[in-house]
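Below is one structure. I have some questions about it.
We call the chains A, B, C, D, E and F, going by the order they appear; numbering starts again at 1 in every chain.
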Amino acid sequence: MNPATREKLMGVSVATLCSALFKRGLKNQTIQDVRPVRGKGRNMVGPAFTLRYMPAREDRNPMSIFRNADHPQRVAVETCPEGHVLVMDSRKDARAASAGDILITRLMVRGGAGVVTDGGFRDAMRIAELDIPAYHSRPSSPTNLTLHEAIDINVPIGCGDVAVFPGDIMVGDDDSVIVIPAEIADEIADEAVEMTAYEDFVVERVKQGETIIGLYPATREENLALFSEWRKANGR
Amino acid sequence: MNPATREKLMGVSVATLCSALFKRGLKNQTIQDVRPVRGKGRNMVGPAFTLRYMPAREDRNPMSIFRNADHPQRVAVETCPEGHVLVMDSRKDARAASAGDILITRLMVRGGAGVVTDGGFRDAMRIAELDIPAYHSRPSSPTNLTLHEAIDINVPIGCGDVAVFPGDIMVGDDDSVIVIPAEIADEIADEAVEMTAYEDFVVERVKQGETIIGLYPATREENLALFSEWRKANGR
Amino acid sequence: MNPATREKLMGVSVATLCSALFKRGLKNQTIQDVRPVRGKGRNMVGPAFTLRYMPAREDRNPMSIFRNADHPQRVAVETCPEGHVLVMDSRKDARAASAGDILITRLMVRGGAGVVTDGGFRDAMRIAELDIPAYHSRPSSPTNLTLHEAIDINVPIGCGDVAVFPGDIMVGDDDSVIVIPAEIADEIADEAVEMTAYEDFVVERVKQGETIIGLYPATREENLALFSEWRKANGR
Amino acid sequence: MNPATREKLMGVSVATLCSALFKRGLKNQTIQDVRPVRGKGRNMVGPAFTLRYMPAREDRNPMSIFRNADHPQRVAVETCPEGHVLVMDSRKDARAASAGDILITRLMVRGGAGVVTDGGFRDAMRIAELDIPAYHSRPSSPTNLTLHEAIDINVPIGCGDVAVFPGDIMVGDDDSVIVIPAEIADEIADEAVEMTAYEDFVVERVKQGETIIGLYPATREENLALFSEWRKANGR
Amino acid sequence: MNPATREKLMGVSVATLCSALFKRGLKNQTIQDVRPVRGKGRNMVGPAFTLRYMPAREDRNPMSIFRNADHPQRVAVETCPEGHVLVMDSRKDARAASAGDILITRLMVRGGAGVVTDGGFRDAMRIAELDIPAYHSRPSSPTNLTLHEAIDINVPIGCGDVAVFPGDIMVGDDDSVIVIPAEIADEIADEAVEMTAYEDFVVERVKQGETIIGLYPATREENLALFSEWRKANGR
Amino acid sequence: MNPATREKLMGVSVATLCSALFKRGLKNQTIQDVRPVRGKGRNMVGPAFTLRYMPAREDRNPMSIFRNADHPQRVAVETCPEGHVLVMDSRKDARAASAGDILITRLMVRGGAGVVTDGGFRDAMRIAELDIPAYHSRPSSPTNLTLHEAIDINVPIGCGDVAVFPGDIMVGDDDSVIVIPAEIADEIADEAVEMTAYEDFVVERVKQGETIIGLYPATREENLALFSEWRKANGR
């Protein structure tokens, strides 16, 4: 992805991105009911590389299946390109894990930008310690074979009721994760940077005692003038 | 599929098939929370032909998208082979429809053996009148574009928390729908016919006042002897 | 139970019983999310005989376990006293069955007054044909062994979020099922008969065009007088 | 409401109305998880008259509260204008009733066009027999006082996750209920009548063996010509 | 509100208040499934000022609607009286936000005592840093316009299945939030202070190895005598 | 329980135990949707001592019932053997508490090894400070009497959809809690220690840049050799 876009997206919140997408009629881009295993205090940004799970059938999913070097879960971890975010469609079912700390450590070492599932991670207490952003619904200790069979790599999926196409830009902060369609990521990043500047200005004004009426949004002309000054003063 | 197997599966219940599969360690083959749009008083039997939906993104799913002759939902209905059951992965979300009466009429005319979704059908009141078995979660009037984008045809899917592979044998009765892995459909059909004979014998005995202890299952030898006679007498 | 009470309870609705219990501070007696397998057009009435299920553990619940003559599910069906209602605590989980048509046929033949589960029945399409009232959440084809282990007979249970003690009086109509604590069943029956008379009078008046204000409840004196006449005229 | 619009809306399905609203960007107008107490085989049409419930607090909701002639539930039933549909916001909670057969009988006698709740009705088995369309989630015998306090009449509400403003046009068929914003009801009715004509033509063609590709929607010119002839032939 | 009552309520737990209300027959006063955005280690106390959301309709809720100085969400934040708690009825739907950090900063600056929603807050990671108690279900980044339309200010509402009337006293601790009916807030505060003294005494005794039988509750006389001494010794 | 087994189980994760049980066909042993009130950074290990709750009926559950020295909740806390884990079946209903800080303090003082409910604890913020591991679904301030009646001590129960028999070995870490059938606890502990050694080796290798293919599981011979060396070097 565009490095400038990546840089911009590191500095904006998912909430601001939601509003930028809402204006374009995209109202359903935030992955629902997914949260950081542990807040990192910095954003996760990267293109989506996807893994699709389907319900597991007992005869196809003994523990020995992992001896297969072509098992899609393993292959996904070993082929997810550097700087990408591995996004898993676990059908919102956290009763069994989507992955554990060993695989996510491997993904981290390989340069993955993050990992997201709408299910749960096992060894979440250890994943929390890793230097890679990870998002899930809740900790889930049972192996994925219990309920999930990894079936497809890098196809369009659903994650937390949101459409994710390979290459879409994933952004996560300490609240949640959003999916930006690849083709508008650059313009959304630009707009979000602008919005963030104004929001920072607003927060400063509000902390000084200013009313939000006329300020947020800026329906009073003078606020736009003040913002213009503030940008100069703050190099934004 | 094997015509003899089809014939056998027309005469057994989903409950009996559940038990036959349970004995082989397959405990999760009944599609959960799905029911007939209207009970037909006869079984639906046929190999699965699948359609996968993912969450819809607004810009990709205007009403005009249906003008595209390659739209996967339309193509699925037009290519589902005769005698097959069209099975849809709607991510258990019945807030928008999986299909409506026009498409299902077309499927019926083309010789489809039935249709199953883990979402809902629109025009369910009309689908109920058609001469094709249809199973869903509940009626749902909004067009599929509202929440669902048809994305893949005849890939492995989940339906009602059950794994469905193309070619698996679907059987539905007036209670529910079950998925029989293709490779064991013949033997399961054989076994279910045997079990059904015994169950019919049991019901007859129970109605005559017999206790179920020793009869169901047959732990008293004499019951096996009586069953043997009953089979001869009833041509089973 | 008192035959006169049984007779009275055959002629009143669950809704009326709810209101009589509400007046005594009992607000949570209707089994939630349970319905007739098929409406019988007549009430189910009888004391509760209970069966408690717990979650099934795979090694304890092979199909062969039913060969055990002491299996609590079988024993429950064979020992439920005549005129009683078999009430099952299935932990509101209808993903596997609580019982099937063979057992319920046996219960019917043995004189059971009805059967209730907060899970689901398999062979529901056949149970619907039997001459015994049966209530569940939805049809469920998998054998109970899949998820439920029968563990206790005739202990206090929960059913659909309601407390059921052995001997409590169960009443079901075509809408739902209610639990009347045994010790107040007689007085509740009396009161419900009185309330039903008044409600029938009210419906008649309302159909004639009367307002409900002052009539339901009877805050206008004249309505009580009219009701008194109506009772004489109608032998109520 | 416009009598011509009412007439038109009597002859179209909720599914068709959904599609007409979808085209205008209104994608969330069908009341979710609500169904007819009993299908009437004819539409319910009328402007919304609303009742808002809030959670009940025990001290404010003894049975005696109904003696108050100003109780909003009773007042709603007695003031709902002729030809209107009484729509109740029960916060999607069917664990206690929204109303029962006496009130709905009164509403019917007063000329109400129908009644809708996103909770449940008590005495549903009797409401089913009345000559007024009624829609709910499921039967619920406990009196509304158990969980619901009627608090506001004819204010904007939510019903089954849909916005309902007083005067919006409600249409129900045997599948579900939809809310048409008052200001576009006439044009939506017109469009739906046109769409219905085309859909009827399509169904006829499909039953004759025609493919849906090019026909539904009409991307092949010849189909529009055939439709034009069909309209003449059928007086549509 | 009574400053002495406020002071007392700052020093008791929601659990203790629950028990005091339970004794008066009020069993449903704790807002369900709501938690602090971040525990503050001190109570939130103040009268309720309410905001009611209804489902959003797309045409009424473009982003530009916020330019309206009368938008109820904005007005609520600007008119909530000092020392009050802003309580929002978001219909338990956290798929879109109830408010974000800018509005809650404004509320804080204006002297609001806290904010509660049964939905979710956007910018929750920033709200956590503010010096105002905030309670929600989970972080939710999408703007409220996506699903919620602010419609009414300071009317009776439901929040987390609990009735909230304007002026009711809200108390939150690091576990949850409770609603005390305004008219009994003083007496409940008094009682809770007494109960808290006894509970603190009990905890001390239990830590010393005392059994809870006879102590909690105090059915052994000697424990009341010991408590009396303890009060003197501890100035309680 | 076997002290050596206890020691071993202190050093393995719930995820590893899940996998060991999965290999024996036990796929449903992790208590679902339950988490530590506060992570302790060390395991909870001990045999299960159980308490069964049923739904509360108002007349049986006034606050005064706690004056009864035989109340099962109190008796459970006073009789749970030292080193055991008190496990509560709260029917997955966290709308009212399963217990509070006073009882859990008493359990701690008496030497309890931990406490688990599939409901919620009141005073969770204080329980978090205690030196005893506690697991629940979420904080819940209402007294248990509101919804739960303690009815049975040390019978087989369900907890979070898992079967728990008295004496089964409970193990909790900072992610979740698992139930090991008593009769296989020793062998599972042995196996889990072995698995943990290999997993620790794998994590070390992966952090050094090794691929997981052939390593996890060990399908490349050389990895087994390296592991053998690693064990010697690390005294494992």
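Keep in mind that, in the parts below, a residue touches a chain if its C-beta (ideal position, glycine included) is under 8 Å from a C-beta of that chain, and two chains touch if they have at least 3 such contacts.
Just so it is clear, the model here is predicted, and its values are computed rather than measured.
With steps allowed only between chains in touch, the distance from chain C over to chain F comes to 1.
Over half of the residue numbers at the interface between copies chain D and chain E are found on both sides, making the touching surfaces mostly the same. Remark: rotation between chain E and chain F after Cα superposition is 120° (nearest 5). Against reference pair A-E, the listed pairs D-E, A-F or C-F yield one interface repeat, A-F (criterion: more than half of contact pairs the same by residue number).
Remark: chain A and chain B have CA centroids separated by 37 Å (rounded to whole angstrom). In whole angstrom, the spacing between the mean C-alpha positions of chain B and chain F is 39. One simple way to say how far apart two chains are is to compare their mean CA positions; for chain B and chain D this gives 31 Å.
Those residues of chain C in touch with two or more other chains are numbered 27.
By the contact rule set out at the top, the touching chain pairs are A-B, A-E, A-F, B-C, B-D, C-D, C-F, D-E, E-F.
Across the complex, chain C is touched by residues 13-15, 17-19, 22-23, 27, 30, 32-33, 35, 39, 173-176, 178, 199, 202-203, 206-207, 209, 211-214, 216-217, 219 of chain B.
The part of chain F that touches chain C in the complex is made up of residues 24-29, 54-60, 91, 93, 149, 151-152, 155-158, 161-163, 181. Chain contact summary for the complex, chain B toward chain D: residues 63, 66-67, 69, 74, 77-78, 95, 97, 100-103, 105-106, 109, 122-125, 138-143, 145-146.
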